[in-house]
Structure formats: structure tokens, C-alpha cells
Amino acid sequence: MFFHKQELQFKATPAKPDALFARRLQEVLGGQYGEITVAMQYGFQAWNSHEPGKYRDLLFGIGAEEFGHVEMLAITIAQLLEKAPIEQSEAAAASDPVLGAVMGGMDVQHAIVAGAGARAVDSNGNPWQGSYITASGNLLADFTANANAEMQGRLQVARLYNMTDDHGVRELLSFLLARDTMHQNQWTAAAAELRAEGREDLPVPSNFPLSQEYRDVSYQYINFSDGAAAAEGSWASGPTPDGKGEFTYLDAPGTSAPMPPATQPDERYYGTTPKPNIVEKAAGVVKDKLSTK
Amino acid sequence: MFFHKQELQFKATPAKPDALFARRLQEVLGGQYGEITVAMQYGFQAWNSHEPGKYRDLLFGIGAEEFGHVEMLAITIAQLLEKAPIEQSEAAAASDPVLGAVMGGMDVQHAIVAGAGARAVDSNGNPWQGSYITASGNLLADFTANANAEMQGRLQVARLYNMTDDHGVRELLSFLLARDTMHQNQWTAAAAELRAEGREDLPVPSNFPLSQEYRDVSYQYINFSDGAAAAEGSWASGPTPDGKGEFTYLDAPGTSAPMPPATQPDERYYGTTPKPNIVEKAAGVVKDKLSTK
Amino acid sequence: MFFHKQELQFKATPAKPDALFARRLQEVLGGQYGEITVAMQYGFQAWNSHEPGKYRDLLFGIGAEEFGHVEMLAITIAQLLEKAPIEQSEAAAASDPVLGAVMGGMDVQHAIVAGAGARAVDSNGNPWQGSYITASGNLLADFTANANAEMQGRLQVARLYNMTDDHGVRELLSFLLARDTMHQNQWTAAAAELRAEGREDLPVPSNFPLSQEYRDVSYQYINFSDGAAAAEGSWASGPTPDGKGEFTYLDAPGTSAPMPPATQPDERYYGTTPKPNIVEKAAGVVKDKLSTK
Amino acid sequence: MFFHKQELQFKATPAKPDALFARRLQEVLGGQYGEITVAMQYGFQAWNSHEPGKYRDLLFGIGAEEFGHVEMLAITIAQLLEKAPIEQSEAAAASDPVLGAVMGGMDVQHAIVAGAGARAVDSNGNPWQGSYITASGNLLADFTANANAEMQGRLQVARLYNMTDDHGVRELLSFLLARDTMHQNQWTAAAAELRAEGREDLPVPSNFPLSQEYRDVSYQYINFSDGAAAAEGSWASGPTPDGKGEFTYLDAPGTSAPMPPATQPDERYYGTTPKPNIVEKAAGVVKDKLSTK
Amino acid sequence: MFFHKQELQFKATPAKPDALFARRLQEVLGGQYGEITVAMQYGFQAWNSHEPGKYRDLLFGIGAEEFGHVEMLAITIAQLLEKAPIEQSEAAAASDPVLGAVMGGMDVQHAIVAGAGARAVDSNGNPWQGSYITASGNLLADFTANANAEMQGRLQVARLYNMTDDHGVRELLSFLLARDTMHQNQWTAAAAELRAEGREDLPVPSNFPLSQEYRDVSYQYINFSDGAAAAEGSWASGPTPDGKGEFTYLDAPGTSAPMPPATQPDERYYGTTPKPNIVEKAAGVVKDKLSTK
Amino acid sequence: MFFHKQELQFKATPAKPDALFARRLQEVLGGQYGEITVAMQYGFQAWNSHEPGKYRDLLFGIGAEEFGHVEMLAITIAQLLEKAPIEQSEAAAASDPVLGAVMGGMDVQHAIVAGAGARAVDSNGNPWQGSYITASGNLLADFTANANAEMQGRLQVARLYNMTDDHGVRELLSFLLARDTMHQNQWTAAAAELRAEGREDLPVPSNFPLSQEYRDVSYQYINFSDGAAAAEGSWASGPTPDGKGEFTYLDAPGTSAPMPPATQPDERYYGTTPKPNIVEKAAGVVKDKLSTK
């Protein structure tokens, strides 16, 4: 169960309206790595969790915080839009550079659809979607997904920080940056703890029998491009992070197989097959036909 | 530039057709973490790369391999579909349990749209989409995304391995499992190398000045749920993975702010505002109205 | 802010696993009118609200309940999937009718992607999306949207009730049905209250000056089909629900205007225009060409 | 069958081109609540209708009108785009404020994809999609959906009215406003008629046996937030709109159930389970590992 | 304007219900090449047309017919679903092979969402979307798109014909096949007429000055694969269909350019650049770190 | 298998950065008819191909070239974005017209998400999706789809050519225009060759027995609009392009059928049926109710 409290975790008070920045801020609300994503991702990971202990508790504990961040951003966006202009003709834009800039850069659906309110979309107006989230049931894989989400999220907030000079907005962003720092550290620690406890290890999933994979190519760097620089990396020689092998380097694939024969499905799929099933005309006709066009 | 060779990296020859498994296999071709995703993800990361050395070379080298995996899976799916049934009425299904099972479980668009061919979709028929990929320009964030993609991918292949007993298909899957093992190790090594070289570090992005984030909450576990188990984790006390702090544990938020006042946008957005702008009728009317319904 | 409590609002304990019903139940979790939709819809309406009183309070109060329903359904789906089969070849399906039925009817991503867990998708595997929600800033419009959402939602739950005979699942559905009954009544009452208080009225938005709409056609039923039955309805004669007019009936449109001239944009858009801009060949050539094909 | 007449229902002649407003107008053509939505929604409701009388006739009669509105808006948008600029470099924009404003604010696909033509998208370029429509077979639910669609639609047109001062466009909008007034009234009347005839009632679906829902909570307002204002509303006490109960108010949930045990699916899903299935290492190792990073 | 007539263009009366085939039939109603696509495509091409003569008239004339096909298919699907089963548990499926087959193969949203009605989706439940249509303003390009749409459409109907033995459904399909035959011929004829009249020609757009394209490679077949068979085709030598050149064959690209230097954007995008901007640690540390994992 | 070479097929060096044009160029990278579409389309057609000869070889040969075009455009976009501005407040925009124009017109996700890099989206930020491609197994249908794709693609590049005056970008576009010229010719030649060889013919699919289509309407132009101009076209009289009939012209449909009876599904779908299943109230109540509102 979720309970709501009519307070925010941190102050969110823009010094002035800014419809342009409102649009940009949508990215970290409703984008691929926005707050809706992490809130729902941690939620689904918890609900699907197969273990009832500290890891599920962690997911519940942070997931609910992220729903509060969704709220904080939505309310900030509404405040930034409070003075969104309603007169927006070409003529008006031409005579007023500020209005012209706002018209060009704002999310028009903020005005037309939401009446100066936030929306469940990213900074280009793409609706948030369920396919942004990851919840596989394997916690090492999922915590790596979570670490990535917090990295991408903090990166975007850092970029946004440089796109505004509004003191109030920057305060809010500095708070979000700090929480993303925490969450990057936390998922990194949780992933390490899973490995240290022997609960899960590289390669994920670690309880799939390695004998069933084709071990000959498990640690080969195979270069399908023509650069040589990647041979210098720690991924091309030396021990592997999973502690189970040694990297080797191949500058081209060492295995190959012939292209299988083309398939011949039931003829009632009406595909084009090698043997024409109506009387074949003389091949010479082709060029003639083309040349008359 | 890309060059194509009419061979496969590994043999891909199903022992027998299986339209049901063809559908399942679509997940690792065109799903969120399928081969199209990793091929395009590594491609865009390389094309957007700001550094011309070993890391971009690595992206090019692996990205091209993944395009070959796309091909290998598409061809396998077409082979599995080669005998996909064309007669599929309820009556037919009722009298033939095999056909009934196939009808229920196959992807009907494999038959109707592709004429027994593979498609750029996942196992539920959702088209692959560009929002599956990540390419931020920050390599530590992106390599973490890549490690996650290879973990989710190997996990899905491992599950698929148990959903078929076809020897030929299992051979192909054992090859893909091994390559996913390699790529999990490789991205993990590359992420570690970035940190060891001081190119990037936690928290990502590491070159954003920490003084501009609200450091008071950078290492606080704040529990928004009512479980106590998460307090036991390595994320609740002790040094943080970024080496810059100590985790602390709070069982409830330590900061809060009042809910900002509701916004009052231009009245021509026609939103509902606290002061009614037409003459307010007596409040007593409401109940009367409702009770007559 | 949202706080989580590790309890459910009502018991949700399926008597037995049922992977088929798990898929069906996804509709009311992640579908157009599922619990994610109402939770997010009431949330955004509250965050965008222009009035700080009882209406916003209502949105907050119910919105948080709906997030708990999301959780309750996700957990139920995971329980229904607990025994989801892992062996799913055509051969297996053919020899086991139960397995055959399950293979056909279950959501394959439940197994491959989520490892027997719930997902943020509908019963056909379409990801939930932000465009399902409505939050316009006009409360009469939005409360009508809410009433509709609760009607569609209860209708779907009622249908699902007849698709299972599992006692535990039916108990959960009977609880959701009752809450939908409450919420249908509540939004209906709230919409009536807005009108009774004079805050908003038909036609929405009621504070747009009626003098600026083309009043000649504001209450005309105009029949663009050839049936006569609709003339009998209360929408074809008598007073209108907004109390501002009388319905009239026209069996065909009373106004029309000529089709405007075709547009002639800049020729560098390379569209096909009425005046060919390269030398026109004799029209007689056309038929000759076609007949030789 | 549908027949087309090469006239418009009303004049649609912009006084001057305006590529910015063309983009905004896309919202009511191809947006969530645009004309394509209502045309298709009324169509599918009619085609799926289970009753052949006045209600289906109403759906046919209005649905065809809405297809004409689609046409009227598409043609207007093409006219507004007739002079859309083709030269659009940064340099050009910098030296010409009008061009700069247009470049920023116009839909670039209007130029690149459609060659100065309308598109089946909303004002942010999101393609129209089938999931915008509602057709459940239950007419009271669907007519409520229709009333909502007409409210949201009229609200958006009213906002657009204030975003242009073009006399010709405003005339068109004043016509659409009037038709939306009619359709709001009409669906409200039709919903009331269904109830008055006893065909359908609150709660929808009214023919589901109330005895099968958990009646204890059918009329309870349960507050999951910490505000007290909602207790003042007509939804918190007094008779309910369905005429079958009395509202009560609870300031917190009155029922709860323990969180069910975590699920334990087949181990071949490779999820993370409470009992590690590989040898567990000493827990003390964790902190060491983390601290060396 | 569109006018509706409560008749169908052809009889559409399934001999018996078939929920499985109802799902399949959705492909040609709401799929990529279904009737909604062609109806909307011809509509938008007409509304955006720059020429007011026979071509626009053709688009109007056929477009309205296609809206009638949408209706015909929707009504047929509703009839096929009339007896769609409501009891659908695993237990029921196991004991009844017909029910088991139907459960697996039907579109569950037909039952849960539409109450046994048609939907604006394809045979996998993907909602129809505006991005399926093409309307560029260039009629030769668009008529080619139309010819393709009718080819794909007829191909799908032909496949569906073999998936049912219902006499009534086959009659409907035989009618649609014939109309697709007509429309394939018609768009082919219209494309030829455009070329014969000199209105448009290959390469499209023909009024773009050829001198501005890099003519050296305008007729070169450049082989990026390692097969030699394509050299035998009429596209590898001889006159070109546009009548303006001769095909030549290259077995590898004849031009190339060095990879441009990696970009170096503003450092506040926090991308990973070649020169580390924090103190670089000794490179030797890397391997050590990895080996301890 | 695909192999990558770290060179480009042609030079791609913008003379100067231009974030506005970078956004526009996304259309031909990740749009409906962009390079990702043709690369993937030719790939899937090859992988699904039922014939192993020159046609599949052609698809492989060109498909790999198109993947190289994807790379060329992505790299060009990254170069155009290299100086994308990071300071983007309303205040900044107001005082600097260039910045104002750029802010309005650029893709904000280029900055926030990709850190000045290309993305797998179109010029409005819609992610590329698998439903853009066509691969049916029938080569005449698919080659027509390919010809259309190259026509739409060249049309868009031609429009883009006029939207920039950057010499370097124009050089790249002139190269792409030439390759599109080649590919239009090539697919046209390949389609003609299929027909000349008797492999496939109009109507597609040509091996479906014509006797099973309703031949009475196979060559009828049926006018569903009220214009007479289309009667003048070559599609209204004379021989048909498939060589199997004569066009005829009907100014209205010659066949029709009564609307089938409304469906009556299982009552547990809770749809609204003609016979109310709860006690019907007096019809007179309706008007009373409405008039009191």
C-alpha cells in the first residue's frame, strides 16, 4: 500500500516561470531514464521479487521515494508553466523576440492539452511507456540496470543544470543530483553484495551450467572492424572479470558456417520461390521491356 | 562502411520446424534486449563517440558482430517457420491437438504478414523501437548499460534454452550464451578500465562539480517503506563505492517542504480555479441534485 | 511524498497458479483502463490542479489508493505465474493438452523476459503508455474522464470475474469491483458538485464566451447517415442538458461550403502540381504504354 | 458504406498562411481527443453495437459527420502551410526574426515528409493511434467516454481560439466549438436516456450481480493522503448517485492483509532466490571488496 | 463531407462464429496494410493534393470506398466473435480441446476490452498508427506507395483465404481480393499516366535538377556483399528505367573517405573525451583491479 | 556476417555546426523512410528470401550499403551538433536571436539525452520502429515497397538540400540523391525482371487462382465521391496493366447488401442489448430528468 503526504521531500520553487525549461525538465520526469521509469522499475522488481529479505526491502524503500520525485518534478513543471503565453501567432512571434523564442521552444501540448500542466511524456512529447522498465527476476542483472538508470539520470540532470540559471530550479536539481549519487552508490554496493554472498555472479545468470555454453568462444575478443586499437584494452588479454578465464584476441572470426539453404514454405503463402509456378517467358524479354520505358 | 559476407558466424540449423519456438526466439532478435538493440546501441555509441581510440574501436568491433547475430537469428526463425501451417480454423484446431497448440502459440503475423519469415518484433509482436537503445556520450554510463543489456540478453537465451529440445537450436543458443559471457566480461572490464585510467568515475558524470550537488543527502539511505531489513545491507553503512563518503541510514525522510501553492495560469486556459468566475449557487443544491438521480 | 507499507489493502491469494489468467489480468494492471492509468491520471490531475481545496485533496486521496491496487495486481500476477511451465516445445504441447493450452494462451514474455513476473503491459503485451491518461486542468472534463475510466475498468473486471473459477482470485476481483463502484459514484458526485457550485458547467469549458461559438448549430442533431431512428431520442428534441437551448433535428447538413482550391506550395517541395514543369508529352502515349505491359 | 461529397460542412479559409498555427491545429486533427479519434470511436461503437435501434443510429449519424471534420481540418492545415518556408538554416534564422520563430515552432515533418501537407499526428508529431479510442459494447460506459472526448475536444479548440487572430481560422473554430457543444449535450442526454429506460445504470455494468462484489467497501471514501478537505465533499456523506447506498468517510484504510510470501518459480528461470544455489562465500568479504573500489 | 448509408457494399455473413479467425482478420482491418491504412492514406493524399483534377478525384473516389471496407470488416469480426467463450480457465482448457485452442489463439482483448467486438488493432493487438500512412505531395511516389499497399493487402487476404473454410467469410474475402486487383491495376495505371503526361518521372522527384546530384554514382550497382549473382540482373548492365543512363557493376565501393575526427562538444555535456579532465591514475592499476574481482 | 571498415563511402564534413539542420537530418536517418528503414528492410527481405539466386544477392549487396549510410548520417549529425549550445534559458534566448532560433528549432534530446550525438529517431523525435519495414516473402510486392521507399527517401533528401546552404552537407546530400536515383532504377528494373521472367505478375500474388476472386468487380472503377473527373483517367476505360481485363467506370456502387443484424454475445460481456435485462422504468422519466439539469 502507498500513502501520500501533502509535502515535498525538498523545496521546489522556481524563481520565475520558464516554459522552455519546463519542456526540458520533462525528460527527467517522463523520459526513458526519468523518475517515472525508476519508480515503476523498482516497484515491479519488488513485486516480482523471489526473495523476501533485504533486497526486496531496499527496492520498496527506494521505489516509494522515486514516486515522490515524480510528484516533485510534475509540480515544478506546472510552476514553470504558470505564465505560459496563450497568444502565439506568427505575427506575435515576429514582433516579440521573447515570445518568438518561447513559441519555438516550448512543448505546445503543455498549453493545448494540459492547460499549463505537466504531462507523462519526455522532452520531445513522446509518452512514457512500460517498455522503458526492466524487471527480470535476476537481481544482479536488474541492479546493473538500476545503476545504469541512475547514471543516465544524473547525467541528464547535470546537463539540465547548465541550461538554467534559475536559483530555485538549480536547488531542486542539486537535490536530485545528490540522490542520484546515493542511488548509483547503493546499486553498485548491492550488486557487489550479491556477488560476495555468492547469490549471483558473472556471467549472469550464474546458475546456468557453463558446460552448456560453447566455451571455445567465451573469452575471445573477435574483431569485426578494421581497427587495431581495441587489442590494447584489458578486454583483450589477461584474466576475465568473472574469474573463470583469460581474454584472447582474434582480429577476425575464427568460426563460420555456410549460409543455410533458402526456405521453401507452403506455396499458399504465395512467396517468390526459385521455381516459377507459372509458365516462364523467355528471359530476353526483360531488357526489351525495360528499354521501352 | 559495412561489408556483408554470405556466411554465418556459427551453424544455425534447426533439426525440425517449430513455429512456437520461432515466436519465442523473436524476443532475442527484436525485443528490448535482443540483437537489434545491441547492434544499434554499440553503433550509435561509436558514431557519437568523442574519443577516437580503443573504446570507439571496441564499439565498432563488437557492433558489427551483433549485426551478424541479427542475421543468424532471422535466418533461424525463417527455418523454424518453414512448415508453419496454413490451415488454421477452429474446426481444424479442435480435431488436431498439435495444430491446436501451434495455432494458439505461434505469432500469427509470421504467417499473414511475413509468409513464414522473421520480423523486426519481439515475442509478443511489438515492433522493435529506437527507444530501446542508449548512447549518452558518457562511456562509463553507456558501458554499464551495455553490461546490463548483455546480462538481460544472456538470461533470456538461458530461459529459451530450456524451452526447446531441438539439438540444432540448442547449439546456436550455446554459441550465443558464450558470446554473451564474453560481452558481459568485456563491458565490465572496459568500465573498470575507464575508472582506473581516471577517465570517468562514480558518481557519473564524475566531472560535474560535487560542490554543486546537495551533499547532505548524497550518501543517505532514506527508507520510504516500513521494512527494517534494508538497514542490514552494505548500502546502509560503511564506505561508499565511489570512495568519497560513508553510507548512513534514515528510517524516514529528514527533509521536507510544504506543498507549493496551486498554480493560477492565464484564465484563457479554462482550467478550474479556486474562485468561480460565474455566480456561485448555494451549496445546498448539490445534495438535492444528487439524491434525485 | 509517498510512503509504502508492506501490507496489501485486501487479501490476494490465488488458490492455484494459472498462467492463462495471469495474462488476462494484465489488462486491468497495465491496459488502457488499468490501475496504472487511474493511479497516474489522478496523480497528474492533482499535481496540475489550480485549486488547493477539496477537489485536489480528493485526487490525492484516491490516487494513492490506486498505486496500491497496482501493487496488489502485480503481486497476484506473480503468484499466478509461480508454476509457469518452462518446457514449451511443439512436441511437448502435442502430447499434453494442458500444456498445449497454456503455451498458446500465456504471455510468453512473462516467462522469457520477466522470469514468471508481472509486467507494465496489457493483456496483449502492449506496454502501458503515458497517452492513456488525461489531465487537462478543467475539472469537469477530467472528472468525466475519471468516471469513464472507472466504468470501463469495472466492466473489464466483471468480464474477468467470469473467466476464472479460482476462489482467491474472485475474492480479489470482488474487492476491486466494489472500489470501482465507489469511484464511479464519487466522480459522478464530484462532477455534479462542480456544476452545483457554479464552478464549471456544460458546455465545457463553460467560461468560454458562448457568443464566440457559431450558435446556429449548437443544438442541431445533423444526420449524416440514412437511418431515421435517432430522431426519436431525447437528443433530437426538447431542452438540452446544459439548460441553454432546445434540440432540433436535421436529416442532412444545413450548411456547406465549396472545397477550397488546391494548395500551391513552394515548388522546391517537389509536389505534383497542376501545371507540369517539364515538357508535356502527348497524352495518347499513355494508353499505348499500359497496353504493352 | 460511406459516400464522399466534394464540399465542406463549413467554410475553412484562413486569411493568411501560418505554419506555427498549422502545427497547433494538428492536435484537434490527430491528437488523443482530435477528430480522427471521435470519428473512429463512434464508428467502432456502431459496428460493435449489440442493439440495432436509435443508439446505433445516433452513432452512425454523428460518426460520419466527424469524418467530415477530419477532412475540414486537414484541408485547413494544408492551407496554413501553403507558404511554409523552405530555407531554414541557422544563419537564415538569425537574420530574420519571423523565419527564426517559424523554424522553431513549426512541425518540421510538415515540410520534409508531407511537402506542406497535413499529417495523421498530434501537435508534437506523435502519430495517431488506435489505442486512443474506446468501444466496449456497454453504451453507458461508452457514452460517458464520448462526453469526455467532446469536453476535452472543445476545451482544446477554445485554447486554440486564443492562439490565433486569423479571422478565417476563428470562424472555423467557432463552428467546431458549436458542434462540440451539441455533442456534449447529446451524449449527456443519451446517457441519461439509457438510465431512464432502465437499459443501464450506475454502477456500470449494472447487470453484474451486486451480491458478487464486496459490498462492505462499495461506498467508503478511504483517504490515502493526509488532507482533510475531501471529507467536506458530497462524495463523503449522503446518498450515492447510484441510489443504492450512503457514502461514508474513512481517514485511513479499514482493511489490510499481510504481504504474500515471495514467489519461488522454476529455478530454470534463473531468478535470484532466498537460498543461494552456489556455495556461499563469507559475508565479511563484501565490505572489503567495496572499500577497495 | 462523408455520408453514411446503412448498407454494406457486399454481403458479409460468416456461416459460423470463429474467434480465432476474428483475430487473424484484424490484420487486414487495423494492420500496417489494412483497410484503415488505405482509407486514411488516400484521404490524406487527397486533402494535401496540389492539383484539383482527375488525380485528386480518383483519391476521393477510392478513399471513401475503403472507409466502407473498414466497416465491412469490423462488422464481420463482431459476427465471428458473437459466440466467443467467456469461461477460460486453465482447467476448462485442459478438458476441452476446442476451448483450449480458442483460448490460445484468440485475441483476449476482443473479450476483455471490446466485449466481443472489433478493435482498431492488427492481428497481434498492436494499435493502428498514423505512421502507417504515406502522403508526400508527390503523386508518383505516393501512387507507388498505394500500389505497394494494395499488393501487400491482397497478399494478406489471399493467405487468410486459406486459413478458413467458412463459406461466408470466403465470399467476403473473394470480394476484397477482386477490389485489390482493381486497385493494384488502377494505381499502376495512374503512375504510368503521370509519367506519360510528363507530370512526374523517374527519378522521383523529377524536377529536382539532376546536375545537383553526384552523377558519378547514379547508375552504379555497388556490391557490398560477396555474392556474384546480382551481376546477372537487368539492374547491373544495360539502359536504366529512367531512360537517362546505363547501369554499371562494381564489385566493391569505388569511393571512400577517412572517418572524420571524433567530435568534441562543450565539456558540460559530460561526455567521455580523449583527454581526461581529472587527474589520471597510473594505467597499471587497471589489470590489478580486474584481477582481484 | 557483417564486417566494418573505419572509412565512409563518401566525405561527410559539414562546413560549420548547425543544430537546427541536425534535427532535420534525423528524418533521413531514423524516419519512416530513413536509412535505418531501408537497411533493415533489405536485410529482412534477404533473410526471409525463398530463392537463393540473384534477387537475394541483390538484397544483400544493397542492404549492407545502406547500413553504411546509417553510419554516414549519424556521424554527420554528431558533427553538426558539435557546438550545440548548453545555455538555453528564456532570458538567454530573448537577448540572442541566434540562440533563440536554435533553442526553438533543435531537438532538445540531442542535448539532454545524447550529449550532442545522433539518435535513432526521426526529425520530430519519434523513435524508429520495426513497423516501418516490409518483408512479405513476395518479391514483386516487396520490390514495389522498396521502389516507394527510395522515392520517398530521395524526395525528402531533395527537400533537405534546399534547407541548408552548407557546402559540405550539400555534397553529402548530392551523393545520397545519386544513390537513391540508382536504387529507384534498380528496384524498378528488378520488378520488371520478375514479371518478364514469369516469376510474379499483377495482380500480386499472381499464383492465387483468379477464379477464387469475385471477378465481376475486378476491373470496375467505382466512384464513392461526387466528382466526375476521374472518369477521364486511364484507370476508367481501356486495357488493364495486368493484361487480363478492361477497365469500366461506375459512378456509384453496383452491389450492396443489408446491414447484418446486431450481434448478441454472451450476456456476461455486459454489453447493452436491445432487451433490457433489468426492470425497465417508464420512458417518460427521461425528459423530466434532463430538463431538471
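Letters A, B, C, D, E and F name the chains as they come in the text, with residue numbers starting at 1 for each one.
Here, a residue touches a chain if its C-beta (ideal position, glycine included) is under 8 Å from a C-beta of that chain, and two chains touch if they have at least 3 such contacts.
Keep in mind the model is a prediction, meaning the values are calculated, not measured.
Novice: What are the chains that chain B and chain D both touch?
Specialist: Both-contact set = A, C, E, F.
Novice: Would you mind checking the shortest number of contact hops between chain A and chain F?
Specialist: 1
Novice: Among A-F, A-B or A-E, which chain pair copies the contacts of B-D, with over half of them the same by residue number?
Specialist: A-E
Novice: If you average the Cα atoms of chain C and of chain E to get two centres, how far apart are those centres in Å?
Specialist: Those two chain centres are 25 Å apart.
Novice: For chain B, which residues are shared contacts with two or more other chains?
Specialist: 1-9, 32, 48, 53, 55-57, 60-61, 63-64, 68, 75, 78, 86, 97, 100-101, 103-105, 111, 113, 115-117, 121, 124-127, 129, 131, 136-138, 140, 155, 158-159, 162, 189, 192-193, 205, 208, 224-225, 227, 234, 240-242, 253, 256, 263-265, 268-271, 286, 290, 293
Novice: What's the contact topology between the chains, one of line, ring, star, complete, other?
Specialist: complete
Novice: Quick one: which bits of chain D touch chain A in the complex? Just the residue numbers, please.
Specialist: Interface residues on the chain D side: 18-21, 23-24, 27, 31-32, 97-98, 100-105, 122-126, 155-156, 159-160, 162-166, 224-227, 253, 256, 261-265, 267, 269-274, 276-281, 283, 285-286, 289-290, 293.
Novice: Mind listing the chain E positions that touch chain C in their complex?
Specialist: Against chain C, chain E makes touches at 1-6, 48-53, 55-56, 86-91, 93-94, 97, 100-101, 103-105, 107-109, 111-113, 115, 121, 124-127, 136-140, 188-189, 192-194, 196-201, 205-208.
Novice: Okay, in this complex, where on chain A does chain E touch?
Specialist: Its residues touching chain E are 155, 158-159, 162, 234, 238-239, 241, 243, 268-270, 286-287, 290-291, 293.
Novice: In their complex, what parts of chain C are in touch with chain D?
Specialist: It is residues 6-13, 32, 53-58, 60-65, 68, 75, 78-79, 81-86, 111, 115-117, 126, 129, 131-132, 134, 136, 138, 140-141, 144-145, 147-148, 151-152, 154-155, 158, 161, 170-171, 174-175, 177-182, 184-186, 188-190, 192-193, 202-205, 208, 210, 212-225, 227-230, 232-235, 240-242, 245, 247, 253, 255-260, 263-266, 268-271 of chain C that touch chain D.
Novice: Give every residue of chain D touching chain E within the complex, in rising order.
Specialist: Going by the criterion above, the answer is residues 1-9, 30, 36, 40, 43-44, 47-48, 60-61, 63-64, 67-68, 70-71, 74-75, 78, 113-121, 127-131, 133, 135-138, 292.
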